């Protein structure tokens, strides 16, 4: 390697409530950086990861992150995992022109970028916005009428007070209502809810055919499912992104059979994808979790490709322009930023995976690809 | 027999007791007089292990008390009745008395002692379910003395028991203390001054600035006009 | 004003802060840390005024910070008022909130005040979230909060010097107010109340009134700096009400020295930079912090300022005793 | 008449510590109160000085004060001391008195005067800079009284002021109280168990028993009253 | 609202109350005896659960052995905290304030030590007993019933200990007047050690009992600590019975408010309830009136 390493800045929640997610994001980065260095580095230079703990994602930590990474460490790209708070990143990333990738999955962030494309020309959102996941969930949860007889047309919507949760469930609700579903429960709950008695009483009263709940916290969602299963109604249950967490599976066990949700970082089982999964397991000793590692890996690699193409890591504007103009094929599909919001959105080549826990306790996906199309199942709530 | 010799006690830099020696024979009542702020309470607290002596010895029946923890000292029957009472404010009068019998040697005879105490201070019987925090100054004093007796003392160090008592009660209290002495308990009684106490006591010590300035049989002291004037407020 | 150790230390600190940019103005990250330190210095000093001097265990301080930030944030985004007015508004809004919370809470005593105000603190977050229709921005927060303007100059994130000196002015103002307050009769009344409340009352001190006044002042100072913070970081959200800020402010107070003006200021700088230096430890950072905090309390119960008080330098006049530190002499004018 | 109590009752739960008490104190007199332990004397002081809220009516200096808090009552002109000495332990004597002078006294420009006067009246000039925490009892009691005096009271309530003092000290203190009464015209109400002192000082005396008034009158009548002897003084005083 | 709904709400309120009682009782005890606001309490709650996780999940012991093994460890941890952190501070100025902050420091340390050892990811414990039973229309899980039993046993045992045994009375005595306690022959250090030991066991066992319902994460204790604080205050600091009442009161309030207005309103209503309680009774439901 030539002497100067190239630095990538990674603001991650390493302590605090989101530390668990931070760990997974970090794995994707480590894998990417090791891959790059193993193949001789980037433009002959060693690649180095500089992390910054953004704790509970408070604005000043995000602000400090940008200043620390850009001004002090002088990194050549910033890639964050996900925060769900796109606007924060726009506020701080826009002051420079270095490539800045954020995984907020925020439709607001896309809209803001559209309004001021010039100052945000270096900002790329590499997760689909939450509304698209809502659409996907709607298709999986409520409109899957070919193989399933819905007992009624009632749906219950429960969501945490994050933007992500609100926007996601709103999308499901709007589509369902348009289809003639009756929304019998539309309830916002605070994060940290682990006693669901009052809500479950309402659900038991209405016995809705479908329940859609979005709250991005393992204890919250696990306790919901666990307490629901103690005295269940015959409802299809969508727990949104939380299906991916192994912890939820460990905690709820059998009760998770038939529960559905979407996956943001689903490695498409192409030969490359399969190989990558094996490599991951060799490196870390366990199966790739369905959380973020492939995403942070992809983001790093797609930036690296642009750098290689341009041939100079400091030519930020050119790199940004290249990223925008050229779709990149990664583990999760083809990233295409060529739109005014500079964010990816779902398509045939960049699918959203929607899955259901089967009787073997594994997620079966439908609609992602033709390889693994399972039969839709009625949730087998344990008999009392 | 309690034998204090060459005791020195400090509060930080400040020396409160200077080379102090004092003896209380079995069954004796010794009175210790002195103006306030001159170390009387300090002496009692040091004897009972609430304050650590920096040097000197305190022998109780040939056992060295200096350096022992207060609970061991209490266990041996050396009991302190504090000037500022130190009752348990949220406990009732009855619970306070029961706590007096906390140490193992007092437990077995708790019921008898309790009857004895309530006999001395009938008022406590009336107040038995009141929290100590609500007692009047004098009532609290009675309770403090009662609690001390509950500990089954063999040696009782009493610190200014008469402050705040009504004249009638004061008289009674001294009579009772005398009674306790007659039951075989050795007593070291601290007062600012009091002719009644002087007359009851077998032996008298006078203290000034942490030094013993006079010791002798009460009769001798009572003959000394100077002492009478300064320490007893009479003559 | 008699020159004493407190004034000398404070003046020293302010002068050092004022000249530091000569060295660091190039390094915008260090400048940023310095600005954050000043912000925390104000918040910690105001809190110490209550905790250390007033003996009022008000745990809602971080809440006042948020109220100040939201007042100016909402007013400047939705009503378009100038950020300068926003600073004032933040102070006033927080001061009022202080009174509002003080009215019920300060009738209680000691630890009950602590828990009542803690409960209040816990409730601000949910209220901000619930109040999304009033323009609080809900859980996502408010963005972007407009910057200060001076004539045609617009404060911006690339040039930190103007922010820096603005913040320094606010810090100086707040330190001045605090110093005056500690050495006023109001300050004395707190010592009196802490030593013996009945005696104090029997001499004409009204505990409730005294407590309410400092609570309002401390809240207003916190709100003021909260408002500055909002403009400086551009985004605010209920996440600032997390445990982090709460803990860190407390740690700053201990490190600096509770009730040892201007200890919390020193604490704020030390902790902010220490936190940054420990960054390479990643998730072990807070582990180290916890251990450090305990060790510090065991070794230096009076904080760094307690240490300063022990230093014997001729320039500092004669050595202050503990008692003098706690009971600064009272100015002869009333 | 500077203070008048009408039908004053204070109950704790079911127990009446002071019940249906009526009496008045004349301007300029020394009014002694005695009575058995637990008779309600301190409670009475706490009522008058606003620490307890009682039923009934209290009029001070032609104003109804029964509803006011301790700080207000002090500012109207009633100061008190406490049975167990209370002081601001972390302050000096000077500062203790300063608190009284500033918060309790009227006229901010007079603050320093009042302090100096209190210091010299109670002979504390020398000790003014001493920390009060480790003072001896007499000096504590003097400081407490001086702080109360610095609020310029019309009426001063003293709760067992000489308890715990030796005869010489007690005499000194009593002398100051008399001087306060004579030279500064401060009306005094004083609780004391030491009968020789109380009778010697008081213009009039009252005995409380079980929260009720037993007798009010001149010291001689009071201490020779058989009921007083029976419940309070005991036989040796007869 | 139908009767069945109401009963169901009450049942969930009582369940929540149970949880809160289990969490708050040790905290109340420790404050009651040693006047220490034990801010690392929540971390011991977490550690209890993590230790149980090691034995129950990693080493596959059954719950009986888990308790037998974990309780002594917790007891020792509690005593160590008393001996090495609290006791040295007790001798110095500003004890109240310093011990509060030292508690925070210990909490930070323990929490992040947990993260270092066990990782940041949420862990779960299996239920103590699996399954549910139905009574009329209402379904109870065995887990719920175990918690009920545990709460009853703990409440009774504590009551008995504090009111009926001499050691228990000694704890009270130390709380109210440490010098007085020494005068009657109580050893302060022993009592403090005992208190910290017991309350740490209480915290840890609450962690074990509740982990199957709420899961374990390094920072999971904070939420409970804060709730415990509110409950203990509302009940009256130091009163175990008061803690019992207020835990159930606030639990039922939570269920009712959640049902009527939504869970988002629970904390505001708690705040209101606390305010009301303290305005009417400034020392909480059963708090003593003596000034601390």
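First chain written, first letter: the chains are A, B, C, D and E, and each begins at residue 1.
Going forward, contacts are C-beta pairs under 8 Å (C-beta built on N, C-alpha and C of every residue); 3 or more make two chains touch, one makes a residue touch a chain.
As the structure is a computational prediction, the values presented were derived from the model and not from experiment.
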item	value
Chains touching both chain A and chain C	E
Chain C reached from chain B - shortest hop count over touching chains	2
Of C-E and C-D, pair with higher C-beta contact tally	C-E
Furthest chain, CA centroid comparison against chain C	B
Greatest separation from chain E - chain, by CA centre	D
Rounded Å distance between chain C and chain E, as computed from the means of their C-alpha atoms	32
Distance between chain centroids, defined by C-alpha means - chain A, chain E (Å)	36
Distance between the centres, which are taken as Cα means, of chain D and chain B, whole angstrom	30
Centroid distance [mean C-alpha coordinates] between chain B and chain A, Å	76
Multi-partner residues of chain C (at least 2 other chains)	126, 129, 243, 283, 286
Per-residue multi-chain contacts in chain B, two or more chains	none
For chain A, residues that touch 2 or more chains besides their own	15-17, 19, 161, 190
Each pair of chains that touches, named by its two labels	A-C, A-E, B-D, B-E, C-D, C-E
Of all residues in chain B, those that touch chain D in their complex	11, 14, 35-37, 84, 123, 134-139, 141-142, 160, 163-172, 192-193, 230-231, 233
Interface residues, chain D side, partner chain C - complex	49-51, 69-72, 74-75, 79-80, 82, 86-92, 95, 98-100, 102-105, 108-109, 111-112, 131, 144, 147-148, 151
In the complex with chain C, residue positions of chain E that touch it	37, 85, 88-89, 92-94, 97-98, 101-102, 104-113, 115-116, 120, 222, 226, 229-230, 232-233, 237, 264-265, 267-268, 270-271, 274-275, 278-279, 282-284, 291-292
In the complex, chain E residues that touch chain A	5, 8-9, 11-13, 15-16, 19, 112, 115, 119-124, 132, 134, 139, 141, 213-215, 217-220, 223, 254-259, 262-264, 266-267
Interface residues, chain B side, partner chain E - complex	48-50, 69-71, 73-75, 79-80, 82, 85-91, 95, 98-100, 102-103, 107, 131, 133, 147-148, 151
